[in-house]
Amino acid sequence: MSNASSDARSRPADVAAILVEALPYIRRFAGSIVVVKFGGAALAGSTDPEAALASFAEDVALLRSVGLAPVVVHGGGPQIEELLARLGISSQFQDGHRVTDAETLEIARMVLVGKVNSEIVAAINVHGALAVGLSGFDANLLQVGLRDEQLGYVGNVDAVNPSLLHGLLAQGLIPVVATMGSDLGGQAYNVNADAVAGALAGSLKATRLVMLTDVDGVRSDPADVGSTIPRLRADELDAMVTAGTATGGMVPKARACVAAVRAGVEAAHLLDGTVAHAVLLELFTDSGVGTMVTA
Amino acid sequence: MSNASSDARSRPADVAAILVEALPYIRRFAGSIVVVKFGGAALAGSTDPEAALASFAEDVALLRSVGLAPVVVHGGGPQIEELLARLGISSQFQDGHRVTDAETLEIARMVLVGKVNSEIVAAINVHGALAVGLSGFDANLLQVGLRDEQLGYVGNVDAVNPSLLHGLLAQGLIPVVATMGSDLGGQAYNVNADAVAGALAGSLKATRLVMLTDVDGVRSDPADVGSTIPRLRADELDAMVTAGTATGGMVPKARACVAAVRAGVEAAHLLDGTVAHAVLLELFTDSGVGTMVTA
Amino acid sequence: MSNASSDARSRPADVAAILVEALPYIRRFAGSIVVVKFGGAALAGSTDPEAALASFAEDVALLRSVGLAPVVVHGGGPQIEELLARLGISSQFQDGHRVTDAETLEIARMVLVGKVNSEIVAAINVHGALAVGLSGFDANLLQVGLRDEQLGYVGNVDAVNPSLLHGLLAQGLIPVVATMGSDLGGQAYNVNADAVAGALAGSLKATRLVMLTDVDGVRSDPADVGSTIPRLRADELDAMVTAGTATGGMVPKARACVAAVRAGVEAAHLLDGTVAHAVLLELFTDSGVGTMVTA
Amino acid sequence: MSNASSDARSRPADVAAILVEALPYIRRFAGSIVVVKFGGAALAGSTDPEAALASFAEDVALLRSVGLAPVVVHGGGPQIEELLARLGISSQFQDGHRVTDAETLEIARMVLVGKVNSEIVAAINVHGALAVGLSGFDANLLQVGLRDEQLGYVGNVDAVNPSLLHGLLAQGLIPVVATMGSDLGGQAYNVNADAVAGALAGSLKATRLVMLTDVDGVRSDPADVGSTIPRLRADELDAMVTAGTATGGMVPKARACVAAVRAGVEAAHLLDGTVAHAVLLELFTDSGVGTMVTA
Amino acid sequence: MSNASSDARSRPADVAAILVEALPYIRRFAGSIVVVKFGGAALAGSTDPEAALASFAEDVALLRSVGLAPVVVHGGGPQIEELLARLGISSQFQDGHRVTDAETLEIARMVLVGKVNSEIVAAINVHGALAVGLSGFDANLLQVGLRDEQLGYVGNVDAVNPSLLHGLLAQGLIPVVATMGSDLGGQAYNVNADAVAGALAGSLKATRLVMLTDVDGVRSDPADVGSTIPRLRADELDAMVTAGTATGGMVPKARACVAAVRAGVEAAHLLDGTVAHAVLLELFTDSGVGTMVTA
Amino acid sequence: MSNASSDARSRPADVAAILVEALPYIRRFAGSIVVVKFGGAALAGSTDPEAALASFAEDVALLRSVGLAPVVVHGGGPQIEELLARLGISSQFQDGHRVTDAETLEIARMVLVGKVNSEIVAAINVHGALAVGLSGFDANLLQVGLRDEQLGYVGNVDAVNPSLLHGLLAQGLIPVVATMGSDLGGQAYNVNADAVAGALAGSLKATRLVMLTDVDGVRSDPADVGSTIPRLRADELDAMVTAGTATGGMVPKARACVAAVRAGVEAAHLLDGTVAHAVLLELFTDSGVGTMVTA
């Protein structure tokens, strides 16, 4: 049940100290909803994607086993790109968003819902009958609206209908959400996964939002590994986005964190998902491994 | 809310007669689970697939609105064939089953889970936040085993874990199940949709199993439209399969009906799904529109 | 289970159309309380009173079978008259009300509670253990006050104590209420059945009040069968009573409808109870068979 | 709240002794169903029928107020006789049973359900919204069968359907049952009230059956007031009936007691209902005021 | 189960009168919380302490048996004095309070919790598994603060945390509370039992507070047995304390009664606990045996 | 919230490994009842009794905080001895049991219930309103019988009535049980604490019984510290007692473990309670710190 090295603990006193430190956190988070955004990049870009997925899946299963209620949100840009390439379809990008026509949208749905989502569900279900794959279409979980006509079927989250998630959580299940949805007329859209994670965390009144990225948090100087900021207020992070200190892929993540915290989420975390068991270390120890954003 | 022609009812007495006939059926089926198998062929091969899907979706939503608990099961052979063709992959068939290697399996999963399932969910959800798309992977709904090594990743249903479905039905939701699943080691398989529908109906202790096909039931002479048999016992149908009177695509459907009835399902129905509102007519009127199989 | 003529339905498409039209109404009214006033005149004056009672009883049982919660209210003037005549007692009338002394009151109670009520209960219970006969005395359901000293023991409803009805409805039973009651000192009174039906509908927060009469609704010209008004607002009906357009037995019915709608009942219906299955046709089809009164 | 004479208690020690004696009985009977048969003779034949009814009603209300669940059963032979006489109808008797034709049955129903039952309900409801009048027709409480063709519509209890009573008791209400009922075809019958009381007590698994009569229990010599037997076994009472020691009106009462005790009722009591508060004295003190029958 | 003399009741009518008087009180108090303060003096100073304890215990068990929810509060001054004497420890008193150092406190705790409390629990549990011994330490029932530095570990009740008591009462158990408690830092204190009884009654929203003393209530002239006042308002009692009419041990009792009534307790009673079954006589008869204090 | 040294963890990977190891145990034990016997010797004989009690109390509070249901059982021999000495009372011993007369019993009860129990409750309640002090008298938790007339009031557990404990556990409270109790006649007895712990564990269907001693488990050679046996079957331990390999204070502990396991407890643990956080280390890590006894 453990893949940890056996030499990790030399002395009972050390083990006791770690347990005495961790147990109050476990108590505090019992029953809490934690929304975890797992990036498609982590799966596609890791040196050992299978191991990364397995480690992530184990963490999620362990969170649930000690009474937390995790909800997983994921995208899948690289995997969509791969199938488009095999089918000889090329995309245009505008401001970092893929211009999405009807054919591209259908490909994206097949990949997100029929491939990435299924793989995450399968990885978690190695630990039991736990995960259920969903998308924003299911029970109209996400109501989406057009973002920008020039981008095609790329949408914003207009509303969240979380009752399906509450029902599954009440059964002890782990929802895994692919980030597509439809508008009131039934038209489907692709949606940015960071934004969906933030909106779901707010709507679910989650205790925590955890964004797994491939950097170790928000840096005061993006190029300086040593400049990671352990703790930030939402308004400070907002100012960094406005000032351009946070750039690139960090911008939608930062915005999702700020939105979630402002919607009542206790704290949002930006972590390096490539560190093994990063979620456990962040939630259950005094010192963290990324940036924590609070109101 | 109605797409019925307004001249359908000339006299109040006729309307009253139909209501007086239908209401006791509605009462009898209130709270009953009805598993409906909707064929991929119906979607792909209809002259107006969108209208066929919309009519089916309206029936399912109406069943639920008057207190039944429908569960939809579907396959998607033609749609899988189409994407395989686009990707230049050709399949071999053996005894009517597609020999399925790892690549074909991944394509099939994307199509079944990411396309056909999503389209059925979307069609139902035009009527409200009702349907939830699932596959056999979700909460390990279907435990599948290898059928025949020469067929590759084609499986049989070894066990059903229906608690996820019961949970969703208790929330008033309509599960829509894509017929794939995995074995205990996590290996995925494609499974025959007729067989899954029969196994789910038996496991759920459904009141009825409804198989929508493109013929109007079991015929004593397959070539003779007029020879449809309105009512059969399971052992009679079993004998017809053994004797070769039922052939082709009717064989797995017949076997699923027999299995379901023997597992305690009150009756199984084989209907022509291309007749508008066939499900309502079969369940809510004295005379049926297909073949009913009972113990 | 059906007394409808079998030639009522020639084509499946017609039947499907009627079902598709009716099912949403059945859904909408599921769980709704519907108070139905059944006139003693209907029983006493019909050409075939037994058939009229049986048709009414079947409708009430069918309403309940598809999830509605019917409450029946009835009077019994003609039946009281008959026993008084047998006993050689003659009554005086004043403004259409029978002057009621102690002996007349005892006769009226025996007839309403011990004869008419029991017959309606028995007719419904042919369909199962459904109906429970009550009067305003039971659990002090109706608190009644003196209306006019010159009329004797004729009362007005001062208050309704509906908890007994809620308890029986929660058990799936159909209360059948004879319209007598007592004041705080225990003195019994006879009460107008239309007024009781309106007061109960308001107190129960019923969804609908249905008044079965022997005309087909409110007419703009009482003498003109073709002048029935399909839909009226409560203030319009009120004005018709004030203006004298509605007269005779329609006046207390109109007042009860107006009172019920003003107390929060969604709509009140005035129907010709001699049309077979009038209640079903009014509640479950787009077009009605009488006058509907709304706020 | 008390009509007891104030000089009843001279010394606190006496009062304390009575309370200390009574409280354990109150505890033991809390939540217990007690079926009380109240004879029509008591109402019709008492020197002060109103006072007798009021005292009985107070006892029933007090029983309920301290947590018992009383069910009242009554007949009404003298009152039926009176109305028959007024209408000029004479009855024939056979073995002590009134030969009952259709007209007599209708008269009996009006009197039992519409007069005697209503008066008992009204007398109890002076103490609050407590009593609900019922007959065997309500929710098919009593299923009755023909006793003897020569007696006409006189029936035996074939089955009891007690769910209506359980529902009302759960609401804290007191059912008052008039002893008529119908067969499966809906034909009504009059039934002996002692037999109904015994059958209801058995079906309800009542703790006690109390038969209020106008003698002080079973006597070893019917003519000797001093020969009342305080305690009897069911088989002893059975033997007295067979031997003819118990005669006349005592026979059906004795049979009902024996039947109830054999159906699981803890004990049946035969009391003189003309003693004020006889029910309280019998249930709540060590010494009784009648005959107690046990298994 | 009764220790009452059997000659207490000569005539059934007297017994009936007492029952008819008592039953409405039993009904009114069903489910009510009654806090009973039982003085250590009663145990230590009675001529027959065992009999006094047994009579008290029987009353408490009887109260519970008829649906009340008694809570017992006790002190134990004389018993503490006894053990201190055996250990050769002498106490100083200041304004009637024992100056309590750490050693005295430990002795007091052993006596109150380990002796007096256990004896009361044992006396009640002769009647069944009813009583549970508690002190203010359990689940932090009483939060206590220093009263006066010169008195040492003598405290005032700062707050009550009644959820433990509610939990035990919901299980049908009788809490017996020894009047010690601790402050937020865990320091233990002895607390005046009258004050605890008043505070618990207020916090529990008890219906009644009963203070058992060795006098028969509040007297207008403390030296005159005949001057007991049957009924007082809280402000009148308050004035008597201020005016010095109530003196000595009556002062804390009076203050506790006034505080309880002002906190919402319906009435507080001051009774002579040496009268057998004083609690029953006070609660269940029209006339009382002490002083009743109301708002 | 932690008193662990901060240098306990050098590398995140080590911490992650310990968490990954511990979390499945926490999951497995969630909702489990764990009976912990805490020896009076540990309190009296430790070099730093206050620290030992505080560490034990923290462990118990942490167990509860992560969802376990701990029940504490304790004796107090040394503390009883101390008070007896102060009062100048000397005891005789027979086969290791103190001969207990009435006076000694009263002293023992004051010490166990009024001193040791209160101190453990207070130590736990530093962490919240958690612990409730009990003895076998409360709600007749322990029914005790005479062991041996020559020993006086020393008893055996004849029966356990655990409903009080279940009620408190359901409220999230921690029962702390002093090991005295009474027989059916109300006579109190002192009982061996090891035996009570075993009996309670069996009666509660506890998952685990943890006996805290001052040695590190069962040794194959009592004199050889290195001979501790990590895991034993109940029959093996039984044989060691019979063979005399287990001696002295280990004998009653061994018997209690064997009895508990045979009554359905999953495992019993014998641990050195002087190791800080021994309970956490034993329950939440792969390797243990004492002897585990299973069926």
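Here the chain labels run A, B, C, D, E and F in written order, and each chain numbers its own residues starting at 1.
One rule holds in what follows: a residue touches a chain if its C-beta (ideal position, glycine included) is under 8 Å from a C-beta of that chain, and two chains touch if they have at least 3 such contacts.
Predicted model, so just to flag it, every value in this text is computed and none were measured.
Following the contact convention of this document, A is the list of chains adjacent to both chain B and chain F. With each centre defined as the average position of its C-alpha atoms, the distance from chain D to chain E rounds to 45 Å. The centroid of the Cα atoms in chain A and the matching centroid in chain E are 60 Å apart.
If each chain is reduced to the centroid of its CA atoms, chain A and chain D end up 72 Å from each other. Centre to centre, using the average C-alpha position, chain C and chain D are separated by 35 Å. Annotation for chain B: no residues touch two or more other chains. Taken as a graph of touching chains, this assembly is arranged as a ring, one closed cycle with exactly two partners per chain. Each chain touches its two ring neighbours, and walking from chain C in the direction of chain D yields C, D, E, F, A, B. Put simply, chain C touches chain B in their complex at residues 1-5, 8-9, 12-24, 26-27, 30, 58, 62, 65-67, 275-277, 280-281, 284-286, 289. Interface of chain B with chain A (complex): residues 83, 86-87, 106, 109-115, 117-118, 121-122, 125-126, 128-135, 137-140, 161, 163-164, 167-168, 171, 173, 182, 186, 188.
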